[in-house]
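Below are two complexes that have chain A in common, paired first with chain B and then with chain C.
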Partner chain A sequence: MYSGLIREFEDLLGPSSVLYRPEDLLLYEYDGSIEKGRPNVVVFPTTTEHVSRIVKLSAEHHFPIVGRGAGTGLSGGALARTGGVMLVFARMNRIFELDVENQRATVQPGVVNYELTRAAEAHGLYFAPDPSSWKSCTIGGNVAENAGGPHTLAYGVTTNHVTALEVVLPDGEVLRVGSTHGDAPGYDLTGLFVGSEGTLALVTEITVKLSRKPEAVKTLLAIFESVDDAADTVVDITARAITPAACEMLDGWTLRAVEDYIHAGFPTDSAAVLLIEVEGLAETVAAQAAAITEVCHAHRAREVRLARDNAERNLLWKGRKNAFGALGRLAPSNYVLDGVIPRSKLPQALRRIRQIGDQYGFQIGNIFHAGDGNLHPIVLFDPRDKKQFERALQAAAEIIRHCVEIGGALTGEHGVGMEKSELMPLLFSDADFALMRRVHDAFNPDSSLNPGKIFPLSKGCGEIRVRHSSSSRLRVD
Partner chain B sequence: MPRSAVPGQTLVYEDYARCIHCGLCLNACPTYRLWNLEADSPRGRIHQMIQVELNQQPITDSFVDHIDKCLDCRACETACPSGVEYGKLVEHARARIERDYSRSWLATVTRNFVFRHLLPEPHRLIDFAYVIRLYQRSGLQAIARGIGILKLLGLAERERLLPRIDDNFFFGRLGSTFSAAGPRRARVAFFAGCVANVTFSQLNEATVRVLTANGCEVVVPKEQFCCGALAAHAGVRDAARDLTRKNLTAFLCEDFDAIITNSAGCGSTLKEYDHLFSPDEPEHAQARAFAGKTRDVTEFLAAFGLTAKMKPLPIRVTYQDSCHLLHGQKIREAPRALLHAIPNLDFVELPYSEICCGSAGIYNVTQTETSLELLAEKMHHVKSTGAQTIVTANPGCLLQLRAGASIHRSNQEVLHVVELLDRAIVSA
Partner chain C sequence: MSTSSPNLASAVEALIGASRVLSDRAQRAIYAVDDMVPSVVAKPSSAEEAAEIVRFAAREKLALIPYGARTKLRVGMPPSRYDIALDMTALNQIPHYDPGDLTLSVDAGTSVAKVNAHLLEHNQFLPLLVPWYSLSTVGGAIASGIDSPLRQSYGTARDFLIGAEFIDGTGKLCKSGGRVVKNVTGYDLHKLLIGSLGTLAVITRLNFRTFPAPVSSRGFVASFASAENALALRRSIVESPLNPLTLDILSPSLAQIFAEKTPATPEVAVFRGENGAGPPDSNPSALPPIGDWFRAHEWQLCAAFAGAPEVLERYARDLTRFARESHATSTAILDDSTRPSLWGRLRETFPMLLEASSAATIFKIGVLPSQLASLLASVQKIAGQVELPHMLVVRAVGTIYFALLPASANDETTARLAQAASQIIQSTSAVGGDTTLLFAPPALKPSLCAPDGSVSPRLNTLDTGSSDLLLMRAACAPDVSAGPRLKSAFDPHNIFVPGRLI
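What follows is the complex of A and B.
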């Protein structure tokens, strides 16, 4: 039933930009999450005009469309939940303009986050959002999921760095929203599209702010004998009106796995470490580092180390950014959660996570953006053990439920995607959904863009749907 | 998981499951960077291997194509947070292809000749070199290029990558011992390579000179053979295993302080000789001992310390990381440290030096078009450095970059790190 459409796509893009054989489609059914969803055809546009034409053709044939960047997402946002056409932006990877004086860049959505920073670096600039996948993930994906990263604490998430967008609506119409400089008058449509997970429009061009590299950076590693002390320290640092550029926590179990692999210099006999970074003018940075060290000691920090040079600093960050993978070495598969809590409830939330782990029989690792209360508990499991996999999902749902109960949210930066759609009723009422649905329908009335995301498929309020089949991609005969 | 009968290697579920499909490898992969296709990314290739190995899907033309297109540069291993041993996986996939898939008649005959009869046999290599040298020196080359016959045969691109054959082969040096200049600080064995003996004799001579000038007595064992890397990378494991056995005998007869190679590609395989044998085979322990002694020449010298006096070399150089040194052996600092040790050398980092130049063993012959695309990108960055000399650490990269300098008319000299050291060393 796709053969007619495939021919039209091939006429438009050339045969090397259209995939439809089963062996090729199989490679687009996964992303960085544990979800799965296979498209029927995958296309690689290079221009906005292509995207508009693809959207129109798909609409004529009534096929849904899902956009995808590098496929590094952690919530299944870029998976074809209901099949259809997958539009991969990876070849739309041109940096159109790098305006150094005004600190702006205009890029296609397939530009890799790291490549933008690399291009800007020569001018003392960089793109601030820095998710762990920054070396591969695309700016378009960052926009769709409103990605964060360790430096979110001081600099905000992707939406704080996007000033204008070009988008393609489900009928193929091309629109521009926002303005390169200053605040666009009227509704903040840019803000509406950022984080809409490809359910309102497809983004084809992005204007972002570039940040200036700070004059001075200091990176501290504070070592604690108890998780509670580390958590209390985070609460206290922010209570004293110090805003570090980043404030990350790794618990003892996690840092041992990381150290074993990365050799970042994490002390393996400690219960938790905080990785704290302060940036700014040299004088301020020195004062802040001193104040933070004092707070750490007040909460019984065993030691507070200061990275001596860039090499040491990079190594500490390498340990942090590769932590999930390092834990991944301990089990065939892992599930990285994303939940938010009020910062002040950190010690309590970590205790509850430990309890949930004990209850379901998992050692749960904690690596997270402590400064803004964005937790990333990680559950290790073996997908060959179906029962264990279901227990992992239940434990995960329980943790997210706890985050919401204590006044937090069910995602901080990974997005809702497929992963969390069924958990959304924990946070939102029917009236909330009705309002969101009206916004959704104003742009995407037929749900032709990224269907099956954000909104729960089931009607039940607060009921957590537990999947009965293993959705991990490894099948064992 | 079924045991696939690949000689000396059994992979298990966990070897594949370690990949958590996070995609952090994508942008590190040269072929993904070129085409942005999942099928030509490390994550996508592993997923295809899983279909074949764990889910027992047949080996299709498409599978072979994507596995063939992999450079085996192992940049994905550097990027991988989970420690996936991609090199091991891709060599296994290639061994499966070798065993279970029929290539075209021509490909089968050529591969069989190169891996089983040419590289392992010095006398054939020498004969072959004579023929090419005759072609290069007799004027035949000029004629062939002039009348366009190469273009007609579709060989024009490949012919440009042909190495220049040496006037004097290094084969004559096998069996020699070179004494240290000044007090002897170490006694090392030199691994001379195979093709290098007829195309990189000067590099080998320079390596011996630099080692002896810095206090090493250098033994070049007579009965040494090709390391088997090219065969192993191509999945021809039986040939690689045969060569390994011969080299184990040649180099383990004496307790050398180190076994030294100037080829990152060879070194990476020599350091993984034990991967070619299963732990229950008698060669396994010997292979481990061999691997434990192997050092890249830059790694060895940086740790050993340079004692020879060097004169200033006031030129601007840039360094292209050899993939099998950086990603295969995780050696980044040693070659840079050696370059920094040369007085007055103006060293500038090469942007994207961690990305393959497209040489990749025989990749530039088997996948010429892709190889030249990568080379064009590489030369673009090289030109941006304004360097007069490009330095690297592997014969294959030297060939490729020399071809690049000529094709892209960059007028840059291409040298191995030890060749530059050799120039700087003031002979006593």
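What follows is the complex of A and C.
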């Protein structure tokens, strides 16, 4: 039933830009999450006009559409949950403008996050959001998910750096929202579209702010004999109103796995480390580093190391950013969770995660953005063992529920996607869903764009429900 | 509707009790917007009571305007209908504050000054230093979308508002975001409330991240013979590693107002140790006069900065050197005790301008920094052509507040204001900027938006000759109506301030 549409796509884009053989589609049924969803056709547009045409053609045939960047997402946001047409933006990767004086860049959505920073670096500028996948993820994907990263603690997440968008609506209409200068009058549609997970529009052009590289950077590695001490240190740093540029925690189990693989210099006999970075004026950085060191020692840090040079700093960050890959060596599959909590609740949340791990029989690792309370527990499991897989999902749901119970939210940076749509009623009421649905329908009335994401598939909300949807992984039993 | 409808008043009384309803003409007149007086004023004591009234308005198709302290009512287009004033100031508690997490949840009707006095006990603050500071409510500050001098370093509300509770147009209590500093759960609907002028929802509660209050701060003032030189210093600062708290450039005439006048609104300190106005818990007093830091008839660049002693020293040294390189005619460093007198005036610029002229017309112009010099020249030339006094401030990275100040409001000055306004809009648009008319005499607003002088429904489609004038440009191409779509998603019965923005 897609053959007519495939021909039309090939006429529009050329045969090399349309995939439809099962073996070609296989790659696109996964992203970085544990979800699956296979598209029927994958297309590679290079222009906004292409995107608009593809959307119109798909609409004529009543096929759903899903946008995708590099497929590094961790919540199933870029998967074709109900099949249909997948638009991969990888070839829309031009940097249209790098405006040094005004500190702006205008890019196509397929530009890789790191490539923009590389292009801006020569001018002393960079793009601040830095997800762990920054060397492969695209800015379009960052916009869809409102991506974070370690350094968003001080500089804000993607939405704080986007000033304007060009989007294509599900009827093919091209819309420009926001303004290059960032002070557009009227409703903040840019703020609405960023983080809407591709459920309102397809983003085809993005204007972002570029940040100025700091004058001075200091990277500290604080080593602890207990996870509690490390967690208390983070609470205290926050409470004393010290805002580092980044404050990451790796627990002992995780850092041993990382060290075996990366040799970043992490002490393998410790219970936890904090990787803390301070940036800014030389005078500010010196004072902040001293204050942080003092807080670490007040909480029984065994040692606080200062990275001697850039090489050592880069190695520490390499260890942090490749940690998930390192854990991949320990088990057939790992499940990276994403929850967010008030920072003052960090020690109790980590203790609860440990309990949940014990209860379900998993060693749960923690490597996360401690400074902004954004947890990333990692559950290692073997997906071929159905029972174990089921237990892993139950443990995950329980951890997320605990985050909500102590005043947190379902996701800090990975998005709701397919992964957490059934958990949304933990936070939102019928009235909340009704309004979100009306906003959704104002732009995407037929749910042709990225169907089956964010909103619970099951009907009725309010009460926490039991196992409604077989296609959804995470639920609250 | 300009007269009270007894039936309407008693219907509202039946919902929330007579003691919470004002129907007397004089009382209602206080809630007039652009000369329109509501038929009834309701002052609910809870979000649920407010929702009751919204549901009633939705059933009866009555137009409703939510209120805080009524300080910025002149912002926006004249409403096309107006029946019920919803005074939210009885919702004024701080239900959640976790100093250790730097997060805050506050009822919409709470005054910003009260919130900051509370936060200051923990040496924190909310960088929402809006005009009419001692009066403004948190809800009004968000709904008006008015920024503050601190946007230079803390950004605008969209950078620190992390969640909201509000009543949608069907009378349902809704929420978005949460109380955590990093959150991507669901749509960021709370961002849409910023600057929405009450057109989408009645805000009942707002969640913010809070910030450590600067322990020690200083001010810096440099005077210049030309705007170009002041802009050159601005650029040197922006391109340096310095990150000042505020960065504003004042035109000579505005500097003169600052030197000669004191804002009528009482002053409260924001940070501890701001001796100019006494401690935050003391009685509000008038802002003391500023010192003789300005050279008469010159442009002034004002920056504030904070930090440890060695940081303050670095700022003072670098700023003074950059100023010299930009041909400053004088520079001054202001300490903790004197700085607030100038920054209080920077914050209160709008009230001071509106006091200076009853017909004050204030534009907000958003533009890229590279266009600032040519646009400043254009708007001043336009003011000269229509022979109206003008003042301006360039705030942070590229926002110009430009005021025309006729001595009186009459048909003749309104015509000149309208002529200037359309030229300002054109000049701004030509360099890729956006113009918003913030404050204007009621007669001027409609004449700008529709050629026939009426408040035209054509505004909705943005196809007027002045489609860049946007009080209400919902940031979209002329053939698309994303703004109205959003408006009807939130407010399907069009009861929230119809005509004000959309």
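Rule of thumb we're sticking to: the second predicted complex is superposed on the first by the 458 of 477 C-alpha atoms of A that agree within 3 Å, B and C clash if a C-alpha of one lies under 4 Å from a C-alpha of the other, contacts with A are read in each partner's own complex, and residues count from 1 in each chain.
Assume a residue touches a chain if its C-beta (ideal position, glycine included) is under 8 Å from a C-beta of that chain, and two chains touch if they have at least 3 such contacts.
Values in this document were obtained by computation on a predicted structure and should not be read as measured data.
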{"item": "Partner chain(s) touched by A:102 [first = chain B, second = chain C, both, neither]", "value": "second"}
{"item": "First (chain B), second (chain C), both or neither touched by A:23", "value": "first"}
{"item": "Residue contacts with chain A in the superposition, chain B compared against chain C", "value": "C"}
{"item": "Contacts of A:270 with chain B and chain C, given as first, second, both or neither", "value": "neither"}
{"item": "Which superposed partner A:88 touches (first chain B, second chain C, both, neither)", "value": "first"}
{"item": "Partner chain in contact with A:115 - chain B first, chain C second, else both or neither", "value": "first"}
{"item": "Which superposed partner A:142 touches (first chain B, second chain C, both, neither)", "value": "neither"}
{"item": "Contacts of A:261 with chain B and chain C, given as first, second, both or neither", "value": "first"}
{"item": "Chain A partner contacts - residues on chain B that touch it in the complex", "value": "1, 13-14, 16-18, 20-28, 36, 38-39, 44, 47-48, 50-51, 54-56, 60, 62-63, 79-83"}
{"item": "Of chain A, residues touching chain B in the complex", "value": "21, 23-24, 26-28, 30-32, 44, 70-72, 88, 90-91, 93, 110, 112, 114-115, 132-133, 135-137, 261, 321-326, 328-329, 332-334, 383-384, 473-477"}
{"item": "Chain C partner contacts - residues on chain A that touch it in the complex", "value": "99, 101-102, 104, 145-146, 148, 152, 156-157, 159-160, 173-192, 194-196, 212, 214-215, 235, 238-239, 241, 243, 280-281, 283-284, 287, 340-345, 369, 372-374, 407-416, 420, 424, 427-429, 431-432, 434-436, 438-443, 454"}
{"item": "Chain A-touching residues of chain C, taken from the complex the two chains share", "value": "98-103, 123-124, 155, 158-159, 168, 170, 172-176, 178-189, 191-192, 194-196, 200, 211-212, 239, 241-243, 307-308, 310-311, 313-314, 364, 366-370, 398-399, 432-436, 470-477, 480, 482-483, 485-486, 488-490, 492, 501"}
